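Please go over the structures that come below.
Paired with subunit B in one complex and with subunit C in the other, subunit A is shared by the two complexes that follow.
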Partner chain A sequence: MNHAAISVIKVKDTLMVTMPSDPDDSTIAALQERVLESMERHAAKGLILDISAVETLDSYFARTVTETAQMVLLMGGRTIIVGMRPAVAMTATQMGLKLNRIETALSVDRALEIVDTPPKPSGNHRQ
Partner chain B sequence: MLQTLADTISDYAIIFLDPNGNVTTWNKAAERLKGWTAEEIIGQHFSKFYPPEDVAKGKTELELKTAARDGRFEDEGWRIRKDGKRFWANVILTALRDKNGNLLGYGKVTRDLSERRRTEEQIHKQAQEIFEMAVVPVVQVWEGVILVPLIGTLDSQRTQQLMERLLNKVTETSSPVALLDITGVPAIDSQTAQHLIETVSAVRLLGAEVILTGVRPSIAQTLVHLGIDLSNVITRASLAAGLRMALNILHLNVVSHDSTR
Partner chain C sequence: MIPVPSSGELAIRAENDIVVARRAVRDAATQLGFGATDVTRLVTAASELARNVFKYAGRGVMRWNSMQAETRIGLELQFVDDGPGIADVNRAMEEGYSTGGGLGLGLPGARRLVDELAIHSAVGEGTTVTLKKWRRN
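Then we have the complex of A and B:
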């Protein structure tokens, strides 16, 4: 499998991944593998997934991201999605795509702050 | 022959008038459209079909004169049925002359355009609403807090536009909190609530939070009675309470300068 399209960067104890603009299925599959490998190797506290370049979010991508987030959670980390485009968010909502139990942030800065705060029991819903 | 032809046409009221404007023939469609039978109307002046205010303005005389002068007169306007109800009609008045050019009378073709007019009015109303929606402001009330005051009924189309504007503004200003104020929304039904929930989910995907403010008692009652679950949405009764909550999310405190207070 070609893993070149995905690179996982470790910053302190957080993993950062930037998705390419039009990820194909093998890139998406690679994402999961690389992330989980890195989680194991670095015992990271969280994963920040920057999708600001992504223009369309299909159901396969959404599902893989949700699954990966669950796996990361099982390995003791949090997943924060950063930079979703308005158009993508709108399509995702209208298509009923669910990104359950995934936290989101407007910027990587904010995501780093979230990683440093203790997780809230209710997932991404601040009350 | 002409009478037979006129009688077989069902969508157009075709009548003939004498040079003074009195009805001389009356087809079946005219009967259906205007309500009078041939016996009742033949010999009567055609001003009977016009609203009194138009007759008072001399509109019927003007129409005859114009048709006589130009050969033809076309008009769209309100006309009256026998029962007094108004309908929106397209009327074509044609002057009929003999070989020597003497005026024999007029042919009058009337078409009921009420349906079309209703559609036009509806389209106009919707266009107006869309225009009003387009000027709904999305304003930044604090660093990191934007406010959308919603006014009027929310349908799918408006929600779509609202979502678009709101999401773009959240990204543009990189505001972690958006206040969605529904004080100006007259009533909420399950569909409207669904639209609001969708908007909230979309904003969350960007990494921002929505606070729904202006939940009046009547709206709170409706939401509970309809069984709409907004437990995942932060809601507040007033905009002030919502703003306080927003500042709280941003870890900001409002402190009075006067320490005695």
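Then we have the complex of A and C:
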């Protein structure tokens, strides 16, 4: 597998990344680098990570996604995971994998709405 | 119905062999009739253990064997290396304990995904991790 398997696209002001079904460790590591570069280049508001094709979420994958989300947060963005398969969700929970501070959504549409919402609702403030 | 017995062996020598190991376990477990979630559990456990072999020993072997006991069908996976070994197996099974800079979730996490997980290890000689999972009929 090569790094070209991961593509980062921009939708509105948000980065969208679709993970391949069975990425090797270096592809997962490359994800982190590509995302952070793209965050800066596009001044993106957040990251939507589509894992609907992903069949195995192990501790290495979970750790990299969590770290990436923390870095995106430091750069002022939110990370939303979309499309976790039921078997993957059950396995991750049973293993005790913690996806700290990462938001999830059932669909990309819903994730785009979340990215557009300010992280801390503060009354009637508008942009 | 009893599926065809299945067994095999795979060398783990490169990072990409973790992916190859996952595919082999997915194929074997699917062939034995495990349900989708149990296939995912087995593949995820195999991913953790194959990575441990590569990360700590550099190289090793994964073996898989179908199991049959009366009407029960299962899959046994074995990860064998002649790496540095584990000094304290009990600590290695504790959640959050890691000597490799990880989360310390690999071994304890894998144990929760299968019916049995046994570790035989001696410092300087290597490590063998055997795990078993039975199909729910």
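The rule is simple: the second predicted complex is superposed on the first by the 117 of 127 C-alpha atoms of A that agree within 3 Å, B and C clash if a C-alpha of one lies under 4 Å from a C-alpha of the other, contacts with A are read in each partner's own complex, and residues count from 1 in each chain.
Going forward, a contact is a pair of C-beta atoms (placed from the backbone, for glycine too) under 8 Å apart; a residue touches a chain by one contact, two chains touch by 3 or more.
As the structure is a prediction and not an experimental result, all values here were calculated from the model.
Once the complexes are laid over each other on subunit A, subunit B and subunit C both fit without any clash. In the superposition on chain A, A:Ser107 makes contact with subunit B only, not with subunit C. When the two complexes are overlaid on their common chain A, residue A:Asp22 makes contact with subunit C while staying clear of subunit B. With chain A as the common frame, subunit A serves as the apex of an angle whose CA-centre rays point to subunit B and subunit C; its value is 50 degrees, to a multiple of 10. Contacts of A:Lys45 after superposition on the shared chain: neither subunit B nor subunit C is touched.
Legend: residue contacts after superposition of the two complexes on their common chain; A:Gln94 is shown touching both subunit B and subunit C. Look at A:Pro86: by the touch rule set out above, it reaches both subunit B and subunit C.
For the pair subunit B and subunit C, the least inter-chain C-alpha distance in the overlaid model is 8 Å. Residues 85-88, 90, 94 of subunit A lie at the contact with subunit B in one complex and at the contact with subunit C in the other.
Residues 80-90, 92-94, 99, 103-107, 110-111, 124-127 of subunit A are the ones touching subunit B in the complex. If you check the complex, the residues on subunit B that touch subunit A are 160, 163-164, 167-168, 170-171, 174-176, 198-199, 201-209, 232, 234, 249. The part of subunit A that touches subunit C in the complex is made up of residues 1, 22-26, 55-60, 62-63, 85-88, 90-91, 94-97.
By the touch rule above, subunit C contacts subunit A in their complex via residues 15-16, 18-19, 22-23, 26, 36-37, 39-41, 43-44, 47-48, 51, 95, 102-103, 105-106, 108-110, 112-113.
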